[in-house]
Every structure is written in structure tokens, then in C-alpha cells.
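In the two complexes that follow, subunit A is the common piece, with subunit B as its partner first and subunit C second.
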Partner chain A sequence: MDLLAQILINGILLGGLYAIMALGLALVWGVLNIVNLAHGAFIMLGAYLSWHLYTYLGIDPFLGLPITAIIMFALGYAVQRGLLNLVVRGPMFNTLLITFGLEVVLTYLAQLTFSADFRTINPPYAGNSIALGPVVLPQARLMAFGVAIVLTLAMWAFLLRSKLGRAIRATAQNLVAARLYGVEPRHLYAVTFGIGIGLAGAAGGLYGTVSQINPYIGAALTAKCFAIAIIGGLDNPFGVLVGGLFLGIIESLAVLYIGATFADVASFGVLVAVLIVRPSGLLGKTA
Partner chain B sequence: MTALRIVIALVVIAALAAVPRFGSDVLVQFGINALLLAVLAQGWNIIGGYAGYASFGNSVFYGLGSYGVAIAMVQWELPFAAGLVFGVALAVVFAFLLGLPVLRLKGHYFAIATLALAQVMIAIVSNIELAGQNIGLVLPPLNNDPLFYELALGLLVLTTLTIFWLTRSRFGFGLIAIRENEEGAAVMGVNTTLYKVLAFALSGIFSALAGGIHAYWITFLDPESAFDISLNVKMIIMAVFGGPGTILGPVVGAFTLSAVSEVLSSEVTSVAGLFFGIVVVAAVVLMPRGLADVVRRFRKSGWRYFIENIRANRI
Partner chain C sequence: MSNRMLHLAGALLAGVAFAFSSGAARADDIVLGASVQLTGASANTGRYYKDAYEFAIDKINAAGGVSVGGEKRKLALKIYDNQSDVNLSVRQYTQLVSQDKVALLLGPFASNFALADSAVSEKYQIPMVQGGGASDQIFSRKFKYIFGTLAPASNYFGSTVKMLKELDPAPKSVALLYADDAFDVSVANGTRPLLKDAGLTIAMDEKYSSNASDFNSLLSQIKSNGAEVVLVAGHETEILNFVRQAKSLAVAPKLYSFTVGVPSEDFRKALGADADYAFGMTAWLPSAKLKDKWFGDAATFAKDYKAKYNYDPDYHAASGAADVEALAQAIEDAGATDPTKVRDALAKLNLDSLYGKIAFAENGQIDLPQTVIQVQGTELKAIYGANGFIEKPKYPMPAWDKR
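Entry: the complex of A and B
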């Protein structure tokens, strides 16, 4: 029973991190109708950025998150403005393919610059944990979870309340009407993509504190983000949070009951099952 | 004109078939790889190019074909041909079992579901005892590169002829109708589910045969290499670079990109992968309909062709 409780806690903590990873992907998908296959690669870049800030400048990975996010936002803005805006009106397959190519480019660039060695961001408190009755809460994971929840809430408030957030939601609903109300789509698309990549960067920084990073983690993370975005739907950051928690718990349970190699099988099995039964997501309305 | 084309095709095939007689070992080995990749690109062309369903999971068929041959030859001590048949049978069963639910999905969702399937296969196969689990299987060696070369060439010719037949058959037109407008096709009396599953299975058969030949040639396979996801990258890029939905586009794309990648990787290793990424990004922006379309339209619009493509798709 204690073991089960611990596994569930681990799943929930992992799920919070998954949610923040998927948040940017779901935003870009919902607003721009681009499924960004390079999303995981951007998470990987964010992790390396955070690692460099910590290793060479001594900036704590959690305090460094805003820096990472801002740099990644600028990168995302530039990529959308300079590249993806050129193909965004083309067939769906083209945007899928170009982000796919981007993923390959980013992975190889990372391999050339950072080498293929495993890295971890190891702040002094990495090994600490808080005992709570029979279960143990690792401090870094708990902090990552907390940041993920705060970011999800902030994202929700931003989309609902701020002028820019409203413009983004308006564009997602109807590009032509939004344009008539004075939204400049080229800029707004770039800002939205930038926010998505900024979130990916922050998620990467958090990921680096709880797991190992190497240039090839991107593809598997992208696939997980999909699973979450599909389970949670694209309309609402809270859906993504629920999707992330769901996947985190499923994976932890699969590791316990079926075996560690089946963690990915379980999550992708859920993904395919959800896709077939409800293509618009468990919580989402029709896409 | 048609007679001339047939003659040209025969001359090209004869020239390719003569390569092992005159070419070096390295050239023959490069040829086997390039021919098998061309078969994969052609296989993808059926489901991705003609039916318009962008499968990111065709590497699964390749892996099933490899394991079909390996299991038949190592575990059951059957001949190579029986292994190929077994691999193809596995691929067809897979295409029907998973194609039926997955092919109901459209657009992004289909692409993602197939991508997920491709990732799961490694974990599943590495737990099957018959398939040698994580360790893989070692096949009896057969050092006969020219034979494998001719087999691969024969397979590519067969695949291309099938696609040629496709472009003139009721089945092929049905697939194109599905690509252009699926509801419309259904209204016109095309059994879309059957057509899509058949296209998926057909593309699976050729990919499985390519996997089988590759397995016997390499004589060793493990889950990681047999279900290598980056193979999907290559076959899609090659088909799209050459021209998806054309008869010869994917073959030309596969040969061109294989050659450039081979030269690059002998000069500067690890830049070859980067090259594939850059090619696909540039190709989507500048020539989204592939080399075949460039050849057709470049004469008329010249360099403006590339600018027109960007104009058509940007916001």
C-alpha cells in the first residue's frame, strides 16, 4: 500500500512536469494549427541552456528558468517569423514535415555542439527529500511540480484576461475576424510560437533537474507531449494539466505492474486508444 | 514515345544491373542501401503520396519483414524465400489489424498514431523470446553482395511497376480521389476504408521485402536497428524530395539523397544527418511538390518558381 502511494505520488510529480512540457505544444497546435514535431528538440535545447547557465555561470536552475524561457521565446519568435510563417498556409503535411526537418537539424546541431554525453543539472539540494509519513517527496521534483502548476495557472490567466491572450484566442477561433479587429497575424503567430517555445525551454530546464539530458531526448518527448495534448484537448491549459497527470500516473503504474520497458508502451497505447475512441481528446470539444 | 520510354527504362535497368560486374565492392554495397531505401520511399509513396495519408510508421513494416526472415531462418531453419513470405504475411496482418482503426484518423492524428506505433514496436519486440528479445538474432552469413544487389534492384523494379500499374488502375484513381477529397470519393462509390487498408498493406508488403533482404544481407538484427525510427525520416524525405504521388520521383529522390549523404558522411561524419534536416526544411519551403514538379514547371517560370511557391503558402 505504501508502495502504491509512493508510486502515485511519483506519477503525479512526473505528470506536472509532463503537463508543462505539453502546454507549449498544445498552444501552438490549437492556435496555429501546426503540430510542432520539433517541440521535444526545443525542450532539449532549453535543458542544455539551463545546464550551461548552472554549470558556467552558477545560476540556480529554478532561478534561471526565466532567463531560459526568454532566450527560447526569442528563438521561437525568430523561427516562426523567418521560417514557419512561409509555409503556414500550405497543406497540413508541409508544416508537419518542416518541423520534422527542424527536429533533425536541432538534434544534430546539439550533438555537434554539446556532444552525445549524458548531462544532469545537479544543484546541491538535488538529493534532498521530504518524508511525509510513509511516502518520500524528492525536493527537486516537488519544486518542478510547483513551477509547473504555477505556470499552468499563469498561462490560463494570461489567455483569459490579457489583451494579447484574447488576441491569441480570437485568432485560434477565426483568423479572418481577428484580422479585421486589428490583429497582425504574422506578429501574433510568431508571438504565440515564441510563447510555446519559451514554455518548452522552461520545461527543459525543469526536466534537466530531474532527469538526464542528451541530444536525442527530443523525439520521445514530442511523442509524450502529443499524447498529453490529445488526452487533454487543445482548448484549455487545465485540460493539458489533467492529461499530464494522467500520463504520469499511467506510466508509473505501468513501471510497477508490467515492467519498466513497458512504460512507453502503456503511454502510447493510451494515446492510440484515445485517438481511436475520441479523436478530439478525452476532455476537448471537437477540434 | 511510349516505345522510346520503355527502351530508356530497360537500358537504365540493364546498366544498373551491370554495376556488380564492373563496380567496386564499396559501390555495390552503397547500391544495395540506396536501392532498398528507394523501395522504402516507393512503398511510402503508395500510402503517403497517392492516398495522402502521411504514415510516420512504415518502419514497422520494414522491421516486421526483417524479423520475419530472421525468425524463419534462425528459429525454424527455413529457407530465405520462406522467411520473406513470412515477413510479408506479418506485415499484411499488421496492416489490416492496425490499419482498420488507425486509418479512420485523419491528418495530424493519423501521422501521430503511426509515429506512436513505430516507437512502441521496439519495446514490444525486445520482450518477445522468439525474436531474441533485446539481444536480437544472428542469421547464417551469405557473402554474396552481387546477389543481394540484384535482389534489391529486382524488388525496386517490381515496386515501381506496381506504382505504374496503380496510376492506370481503378484502385489508383480511387486512392487519388481519397487524397483529394475523401468524402467526395466515398460519395462517388469508392470503398474508402477498403482502399486505404489495401494501400497500407501494399506499401507494407514492399517495405517488409526490403527489410527481409536487408536482414539477410547484414546477417544480424536487434530491435533498435530493425525498427529504427530514423528510417521513417529517410523514406519520407526521399519521397517528398523527389515528388510524392509520382512514379519515378521517390526513386530519383532516394538515389540523389543517398549519393549526397554518402559523399558528405565520407567527408565529414555526422554532418550527413544534419544535411537531411536542412534538405527537408528547404524542400518544404522552396519546392513542396518535389523535384518532379520542379522539372515540369521550371521551364515555364524559371527561378520565379521558388518565389511563387513561397508566395502561395506564406501569411
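Entry: the complex of A and C
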């Protein structure tokens, strides 16, 4: 029973990390209709950025998150204005190709710049844990989980309450009507993509603190984020949070009951099941 | 370096890898071909092989080259980047033998690559000496043209299990975790009977997916079943995550040991103080006792290698350099570069090298004892070898909050 409780806790905390990684992907996908295959590569860049901030400037990875996010936001804004905007009205296939190309370029640039050495962001408290009776809560994961909740709430409030957020949602729902109301889509798309990449950067900082960084972590993370976005749905940041938690718990239980090689089978099996049963996601509106 | 930059830029822009050689090959050079992981998930270990091949070839050439029938000839290297993709590496080896017409082959890194690529060397009957694949599967197919300079995967934990019996207090139960690839499955299959013979209880025997990043569930199970020893056969990224997550879940068995990572400098650097107490094994230590025709001895090799490439060589690098030396010696013994003659010379080879004695068994693999090593503080120490303890192990591992 203790074991099951521990595994559930592990799953929930893992899910929080998953959710924060997928938030940006889901936002960009929902608003720009771009499945950003380079999302994982941006997470990787964010991780390296946090690593540099921590290693050379001594900035704590959690305190450094806003810095990482702002720099990554600027990068995302530039990439959207300079590159993706060229194909934003093109067929979906073009955006897939260009983001795939971007992921290859970023990955190889990362190897050239940072080498293939493994890095970890390892502040003294990274390995600490809090014991609650027989159950152990890893501190860094708990903090990452907290950040995930805060960011999800902030995203939700931003999209629902702020003027910019409303403009983003309006553009996603009806571009023509939004333009008639004075929304400038080019700037708005770039801001949205920038926010998505900023979130990816923040997720990278957290990922580097609980896991390890090398130039090749991106592709697997993109796949996972993709699954989470589909499971959770694109309409609502809470959907992504639920999708992440769901996936984290499923994977942890699969390791316990079926076997460790089946973790990915379970998570992508859930993806297929959700696509069949609730194509617009667990929290999505049913058609 | 500029070669490599050029190469990577090319791969980037065109999406096609093209080859670069170490120095321009002249017509009478003996060209050795290889496809190695220079980019992709295994690039970290792949570079040991590229650097070791170049290092050994340059050294041999600086000494005048190899004598073939009374004439000195230089070696050249033709190396491709397989981008950590097995299918690409098979195509590249096919290209090396069928289009580039290289004389002889050096191997890739990792068992699953060597397993697939050795089919090419066998088909074209060109010997491949590889120092990157240890899985017993590679050598169980009665192939004639594949030679391996890593000790058999099945025996990686052999010396560790022997050591376990001599520890005080002796551990009783063991958890065995392994990734689902050729090398790690061979390790697990070889370790299981060793554990049983040693009278140890296997509390957990679990396979996980290669490149898994979350070990929290497995670690929680280890904590719950109380395994005193944890043996993990996997890849460096997995081991890094395993150790970090063990700490964050406060899981501290009396001893844990890993097939990879511990001998590598950048692995220890990435973990920092958390690498302390980790056990591993190596078939090679840079000892001055290992005499070598070209480098003098293994200690000199390690010193010069570090000076040139700015990182410490581990057994992968030594094994790679030994591959070049084995081929060079076999060419001299055969007095020709004819693949069949070199193959026969390799089968009979008995060479003392910086890596140890290279004498291939009937199946093409060499046998070297594994020395148990442990990270103690910031140092890597040899703990247990063929003749018992070398240094006192730090055992049992204390709880994480008592370090």
C-alpha cells in the first residue's frame, strides 16, 4: 500500500513536469495551428540556458526561470516573425517540415556549441526530499510541480482575462472577425509563439534540474508533449495539466504492474484510446 | 576540428553525411574504414572511437607506418558519421567496402551497431576489428570476419559478483535492472546465473526501455523490496537519471554498480558529489605495466591522449586504439593487406598492447578480466581485480542525508 501511494505520488509529480513541457506546444498548436516539432529542441535550449545561468552566474534554476523564459520568448518571437510566418497560411505539411528542419538545426547547433557531454543543473537541494510517513516527496520535483500549477493558472487567467489573451483566443477562433476588430495577427502570432517557446524554456530549466541535459533530449520530449496535448485537448491550459497528470500516473502504474518496458506502450496506447473515444481531448468540448 | 565543423554543417544543410578522413589518403596508404556515432544520442561515447582511431593511426604513421613485405606503408582513416542510426551505419559500411574500397574495417560503438554491421564485413569477407560491441550475440553466429576487443558482456558483472561474496556485511539480495538492447540483455543473461551460483537472492529482475528517463517507479520498488545491491546495465543518460532520482527519493542500497558511466570523466563531472560511492567496472586502467609497441605503455598513452583531446581516455578509447594496433600487427604478420590473409593473421594474433593482451578466441572475442572500480570522493579507484581486493571499498553506502 505504501508502495502504491509512493508510485501515485511519483506519477503526479512526473505529470506536473510533463504538463509544463506540453503547455507551450498546446498553446501554439491551438492558436497558430502549428504542430511545433522543434518544441523539444526549444526545451533543450532552455535547459542549456538555465545550466549556463546556474553554472557561470550562480543563478538558482528556479529563480532563473523568468530570465530563461524571457530570453526564450524573444527567440520564439524572432523565429515566428522571421521564419514560421512565411508558411503560417500554408498547408499543415509545410509547417511540419519547417519545424522538423528547425529541430534538426537546433540539435546540431547545440552539439557544436555545447558538445555531446552530459550536463545536470545540480543545486544543493536538487536531491533533497521530504518524508511524509512512509512516502517520500522529492523536493525539486515538488517545486517543479508547483511551478506547473502556477503557470497553468497564469496562462488560464491571461487567456481569459487580459486583452492580449482575449485577442489570442479571438484569433484562434475566427481570424477574419478578429481582424475586423483591429487585431494585428502577425504581431499576435509572434507573441503567441514567443509565449509557447518561453514556456518551453522554463520547462527546460526544470527538466535540467530533475534530469539530465544533452543535445538530443528534444525529440523524445516533443513526442511526449504531443501525446499530452492530444490527451488533454488544446482549448484550455487545464486540459494540458490534466493530460500531463494522467500520463504521468499511467506511466508510473504501468512500470509497477506491467513492466518498465511498457511505460511508453501505455502512454501512447492511452493516446490512441483518447483519439478514438474523445478526439478533442479529455477536457475538450465533445463534438 | 575544422573538418568536423565542415562535416556537421554539411549534414545540417544537406541532411546527408559525407566523409572526412584524417589527412589526405595517398594512393599507397592502407585505408581503414569505420562508421561511428559522431552525432546523435550516442555521440558522447562515439567520439572516443573517432579520437582513438585517429590517435593510434597518427602514432603509427609518425613511426613510419606498418611494414608490409619489407616496405613501409602508412595507414589512413575513412570515417563516416552514422548519426547514431543503426540502419545508416549498415549502409555506410556497405559503401565503405563496395564503393570506397577500403582495405580493412574498424568498428562502430555499441553492440546493436556491431551486431548489424558485422553482417556487412561477413558478406564482403573483409575483417572488422571492433572495440565497441561486447554483446555475446555478436560472436555466437560463427562469423569469421568479426573480431572484438571488449570483454564479453555476459561477464561484465563477474568480478563484481565475486566481490559481493567477500564484503562485510555480505549482502543477500540483489536487484537487476537492464535496458532492452543487445548489450544490456546479454549482461543480464550472463549475470543471473552468477548471482544464483553466489547464493544471492534476486529480489527484482526488470527490463526497461532504452532511453527511459523516469526511474522513480523502479526506485520505489527497490526501496520497497529492500534489495541491498542494485546492478544496472544501461546507458549513461539512464544511469545519470537513476542516480539523481535515487537521491531525490532517498533510495540508498548498500551498493550500486553500473555497466557504463563510472569510468567516464564527463559522467562523473555531471553528477558531481553525487557520483561518490558508485561502483562500475573497467577492463582497462592506464597502467605503466601494460607495455605497447607504439605508445610505450598505457600510462603514456593516457597522458598523451588527454593532452591532445582534453579529456581522459577510458576503456572505450583504449579498446579503439587497440583495434588499430591489432589490424596493423595482423597486416605485418600477414605481410599483405589481402583481407583473407589479414583475417587469418588476426585469428592467430597474440599481441601485448596498451589495452592488454589481444588474442582472439575461436568466436572472435577476446577475454579480459573486469576490474571493479568505485568513485571515492572525487577519485576513481580500482577496488577488486583478478587477485582480490586492490583497495578498500567504501561500503555500505550511507543514507543520502548522512553523506
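Points worth noting:
Quick note on the criterion: the second predicted complex is superposed on the first by the 283 of 287 C-alpha atoms of A that agree within 3 Å, B and C clash if a C-alpha of one lies under 4 Å from a C-alpha of the other, contacts with A are read in each partner's own complex, and residues count from 1 in each chain.
We adopt the following convention: contacts are C-beta pairs under 8 Å (C-beta built on N, C-alpha and C of every residue); 3 or more make two chains touch, one makes a residue touch a chain.
As the structure is a computational prediction, the values presented were derived from the model and not from experiment.
When both complexes are superposed on subunit A, subunit B and subunit C end up clashing with one another.
Shared-chain residue A:G165: touches no atom of subunit B or subunit C. In the superposition on chain A, A:P123 makes contact with neither subunit B nor subunit C.
By the touch criterion stated above, A:T261 is placed in contact with subunit B and with subunit C alike.
Shared-chain residue A:A220: touches subunit B and subunit C both.
Contacts of A:V105 after superposition: both subunit B and subunit C are touched. By the touch criterion defined above, A:G269 lies against subunit B but remains apart from subunit C after alignment on the C-alpha atoms of chain A.
With both structures placed on the common chain, the touch criterion links A:R141 to subunit C but leaves subunit B unconnected.
Once the complexes are superposed on chain A, the part of subunit C occupying the same space as subunit B corresponds, among 1-9, 127-135 or 217-225, to 1-9.
Put simply, subunit A uses residues 104-105, 108-109, 111-112, 220, 259, 261, 264 to touch subunit B in one complex and subunit C in the other. By the touch criterion stated above, subunit C contacts subunit A in their complex at residues 5, 8, 11-12, 15, 39-41, 43-44, 47, 84, 177, 180, 206-209, 211-214, 216-218, 220-221, 223-224, 236-237, 240-241, 244-245, 247-250, 266-267, 269-272, 274, 400.
Considering their complex, residues 52, 54, 101-102, 104-105, 107-109, 111-113, 115-117, 119-120, 123-124, 126-127, 229, 233, 236-237, 240, 270-271, 273-274, 276-281, 284-285, 288, 310, 312-315 of subunit B touch subunit A.
By the touch criterion stated above, subunit A contacts subunit C in their complex at residues 2-3, 6-7, 10-11, 13-14, 104-105, 108-109, 111-112, 116-120, 122, 126-129, 131, 136, 138-141, 210-212, 214-216, 220, 251-252, 255-256, 259-261, 263-264.
Of all the residues in subunit A, the ones that touch subunit B in their complex are 29, 35, 83, 85-94, 96-98, 100-109, 111-112, 185-186, 189, 219-220, 223, 226-227, 230, 259, 261-262, 264-265, 268-269, 271-272, 275-276, 279.
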